[in-house]
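Common to both upcoming complexes is chain A, partnered first by chain B, then by chain C.
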Partner chain A sequence: MAVHHGRGFAAINYPIGMNLGGDPSQALVHSNPDGKFMVALSSIDLGQGMKSVTRQIAAETLGVPVEDVYVDTADSDTGPHCMGSFASRGTHRVGNAVIQAAQEARAVMLEAAAEELEVNAADLVTDGKGNIHVRGAPSRSITTGQASAAAQFKQGRTVSGRGIFLIPLSEVSPETGEMTPVSCFAHAALIVDLEVDDETGEVRVIEINSAYEVGRALNPKLVEQQLVGGAWMGLSHALYETTEPYYPSREHGPVDFNTYLMPGPGDIAPHNIAVLERPAPDGPYGGKGPGEMCANPVLPAVANAVYDAVGVRIRDLPITPEKVLRGLKENGGARPRASRANRAR
Partner chain B sequence: MAKTPIRFSHNREEKAVFVDEGANLLDVLRRSIGDLTPKYGCGQGTCGACTVLVDGAPQLSCLTLAETVDGRAVDTVAGLSDGARLSALQRAFMDNFAAQCGYCTDGMLMSATALLKHNPRPTREEVVEAISGNLCRCTGYEAIINAILDASQGGARRTG
Partner chain C sequence: MPIEFRKDYFADERDDDLNEIGKPTQRQDMTGHVTGRSPFYDDHQFDGLTHIRCVRSPHHHARIRRVDAAAAERMAGVRRVILARDVPHNLNTLLSLLDFGLDDEELIASERVAYRGAPVAAVVADTERQAREACAAIRVDYEILPHVLDVEEAIKPGAPAVNDAYPDNLFVYHGKYDHQKLRYGDVDAALREADHVIEGRYQMSPIEQAPMETCGAIAAPETNDRFVCYTSTQALFFSLGTAAKLLDVSSARLHFIGGTVGGGFGGKVDSLHEPLAILGTMLTGRPCKYMFDREEEMQVGAPRGAERWYLTDGVMNDGRIVARKFIGYFDAGATTRLSSYAIIKAAGHLPGPYTIPNVYADIYCVYTNRTPATAMRGFGITGVDFAIECHMDEVAERVGMDPIELRILNAYRDGDMKAHRRLAKNTALIECCQVAAEKAGWGLSDAARLASSLRDGGGARAELPRFTATDENGRVSGYSSGSYARGDGAGTARGESPPPPARSAPPPPPRQRPERAKPDAPAYREPQREPAPATAGPERAPPSAEPHRPDPNRTEPRRGPTRFSSISGFRRR
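And then the complex of A and B:
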């Protein structure tokens, strides 16, 4: 009886979003007379940073400070339509919709400012601090608040914009089955080091090293947070979580947090992440979407590492001690991969 | 149903309420007192989202009979900050990005507050032990552990 070390590797190509009905999302942007902007979305922020990222994108496009932008995701009944927060699509789909809406609102804001300054709107630039001025003549200036107030109370304009992002539904070729459902891929490569106890079947993850390519990291701290937490969830799916451990039998299914297992704070391993930024041509400011994809490479890497450690190939998740022990029994014991013996530990 | 009058200190303020027989502390805090910081998660003491301090010790308010806190001190996240001035622990949670959806955060803060009060210089293992009754679905715990260590006196967070 012994504890065997194993190392597993996996790399993924992750399509951002999906293509059902073109996978569209809409955004509406408008200003208030005080020059602050509202971005209305139905896209839900469940902690992944949707509001922060769309706020940054709107501020960047409008040319106003980020604190002058408020993102309202309060109600999917009253907001513009969104397909939802899933498939790592939020930053990419909604971000693009926000850019389009913010560009339209910005154009109206500049027209309102041009009328007040008695210049051509094409000659106006924003400084990102709440001021609009004539290119090359910073003293010929008006604040975004003054421009919005003039639009509202003098000119009778709405400083507003509409945006939608849609990738037209891809037809399937009847001859070959080919289609082009997505335009943007994120990537990851991940190595898991773990130990398998051949007496208990338990798997203990020792360390994870990974590289994630997510386009431009629009908010690097949120990207890091998402990658760490998402990889943890991948590990949880690889080793612990299931609602039906003996599917299709419903027996022994968990009913509460005592029986639905997840790794706790004592079960986590160090995870060293390298974020690679390759801006996506069709992404909002190059962003893709580090959502669901951060969990995906962990599962095959863990399965490969278990195979590396004891020679048991497990094809259905999670990799429970019971499955490991049954595999060991079938193989007549642990069969560490030959290459493993040569590796220094 | 008979109502029982109880008095207790809620975040250092005296409160007197009538509670239903068998009412749990979580319901009393949320519905009678109006303190929504303790969260209802599982309702059976396995997730830790409802953690509050009773006489300084972390306790699962969903499993605590309200009547048992009569004459005692109950502390929640609502009492951690001084107005807009956050506690050092709350600031460390922000600085370390230790919250995503935020549902576990109040329970985590209370478990960590109790730890740091009794053990101002915890080891990483002691931090892990202190929050082992609090489930988090988003962060993978690392950021939370680092935040608590940062808020402690000279605690060493994991590097690399």
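And then the complex of A and C:
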């Protein structure tokens, strides 16, 4: 009886947004007289960070500090239509709608500033710190708050903007499947090192090394949070989770977190991540949306590593100790693979 | 170092000098999250809140002979028992908002239950305990019917019909086929010429999204004859439109407020709770909460469904994959929910991030007598990626190649033609392979290390196959090509609504299904050779074979939902 080391690899790509398009999202942006901006969405952020990303996108586009922007979500009376937060569409679709709305509001703010400064609006730039000034002449400036107040109380303008983003609907050929799916792809490659105990069938993950290409990382901390958490979720799917452990039988279904198994804190392995950023041509500032795809490469990489460790090819998820032991029995014991010539350990 | 940003890659494609983008700005709502102040929907307090619990089928498949709620209605605290006949428009499919698929799901079962856990009655009571006790007092007389739980059993002739809208237990694509096809080149010819043919079968079991807060909603009467609904939904207007349709009310009378915490992961799109909570409020005038407990969340709430994939690869001795064939089965459970759409997504994703000159897929959305499946993180892709990437290792072993080198050799690159007939762009698979290998100390050959997504794509690799083998396998009749929104006989006269379930009439016997071709009949007729243009770009117009024409005989029996767009491909307005 022994513990066998195994190493497995997998690479994937992932489509961003509802596959066939036709999934609009809208945003409304307006300023109050102090130059604070409100982004109104009906989109939902259940913890993934969409509010934060759209806030940064709005601030960048408006040319104001992020502290001057607030994002209000999830109200069907105050937020314009959004298809929803699924299919990796939050950052990509909503982010693009926010850019369009913020551009329109920015244009009004600059027109108001131009009238106050008695210059041409086309000559004005923002410094991202709350100031608007004439290009090349920083002394001829006005704050975004002053410009917004002047727009509202002197000039009678609303500093506001409307945005929508829609990838037009694509048709699908019934005969060939020809279609124009999605708009951009994220990518990942991942290597899992693990140990398989041939007496208990248990799998212990030692380390994960990965490279994720996510378009531009709009907020690197949120990207990190998604990738670390998502890979953990993938690991959980690979080794633990199912509502029907003997699928297609409906028996032995878990009903709570005592019987629905997940890895605990002690099962979490170091995960070394490299983030690559190839901006999506149609993404908001090149962003793609890292949240959904990050679990996918873990599942096959674990299966491949288990095979590498003991020669058992498990084709049914999840890879439970029971399945490992049944495979070992069928094979007459562990058959570690010699083929991973470049094993680091 | 747990995370590093490799700014050296694709640096010339980015402007890294931005004010706010790219900064690790703390979340606006973080303080609320970490101090427990961000409200869950269940944190919203209402005077006189009532609670909804459902009576659920203990059987996989049964006819409902009788529901006796007389005793329950007399119990303390019980405000109302809700039965199928109380639901104003008790038939929907989630994607009717996209005009995709036939209505095939009742909010409360009227005559038949097709999965264990299907709701047959709901109780509105002053406390949750009273609601549970009243549910236990409701007597349901069932006639147990034969059931089927395996996807390949479900599509055999004679299998019990699970879903009235699709009695063959298969979703109908484009009004035409019982599966979604992908046809690119001639896979069978390429398999004959390949040095190796490698087959595999892969299975993904159902998985729970496991959100922190279970699915649910609280509805309350608002002034001005409106209803407010606090909901866990991930898709506010999806849920609002679904509720408006099932309750047959104007969406203007509904005010939906979503959450900002609690997690979704795809499991909070199904919109089961909002309509019933609002209906409870309509019927009692009281605020109503309808919330899954954890057991319901895990066994009644939709999981990510199971998928079964059969892969066949044709591979040359040097590792080039020349053909890849998929037969896929998505286990939708008893109703469609979103499974049909996930298959379209999967079809557009195949054969994975590789350039393979001949690709074939038949993907089936199969109905079985289990909890309906829905979306989850990676929907439509996770299962087939598991299959593809396990299979890539099998191929590597067979041809004696390093697994990463095999991926890089076959990786798609900028300008390559993909199997759905659009050019690849903005690719980065090769670079991810290289960087992951470098981080793990997995040595690669010079050729693999020097490969690039930006080079060696396009050219001959941008060309469509000279011919593509097509077929008519799985042709179905009785479904209008004019719309997904109806099958034969479901109200063809102008202005006619789908007939309501006939509660007084004796229920029909389980349907015997007509003879038809086996879904993956290997001996199909001689493929037709379809000439194809030599090249196509991403801007090519969609296929013109199906011009969109409104059918003058079609009418709109739609009930209230806001239609966002039509995805049927046959009629767009």
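Just so we're on the same page, the second predicted complex is superposed on the first by the 329 of 345 C-alpha atoms of A that agree within 3 Å, B and C clash if a C-alpha of one lies under 4 Å from a C-alpha of the other, contacts with A are read in each partner's own complex, and residues count from 1 in each chain.
Quick note on the criterion: a residue touches a chain if its C-beta (ideal position, glycine included) is under 8 Å from a C-beta of that chain, and two chains touch if they have at least 3 such contacts.
Here the structure is a predicted model, which is why all the values come from computation and not from measurement.
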Examine A:Trp232 and indicate which partner it touches, taking first as chain B and second as chain C; both and neither are also allowed.
first
Touching partner for A:Pro265 - first (chain B), second (chain C), both, neither:
first
Please work out whether A:Gly47 is in contact with chain B alone, chain C alone, both, or neither, and reply first, second, both or neither.
both
Applying the document's definition of touch, where does A:Lys221 land relative to chain B and chain C: first, second, both, or neither?
both
Answer with first, second, both or neither: which of chain B and chain C does A:Thr243 touch in the superposed model?
second
Of chain B and chain C, which one touches more residues of chain A?
C
On chain A, the residue positions that both chain B and chain C contact, one per complex
46-47, 49, 221-222, 224, 228, 230, 233, 256-257, 262, 270-272
Using the touch definition from the top, list the residues of chain A that touch chain B in their complex.
46-49, 221-222, 224-226, 228-233, 256-258, 262, 264-266, 268, 270-272
Contacting residues of chain B [partner chain A, same complex]:
42, 44, 46-47, 97, 99-102, 127-129, 131-132, 135-145, 158, 160
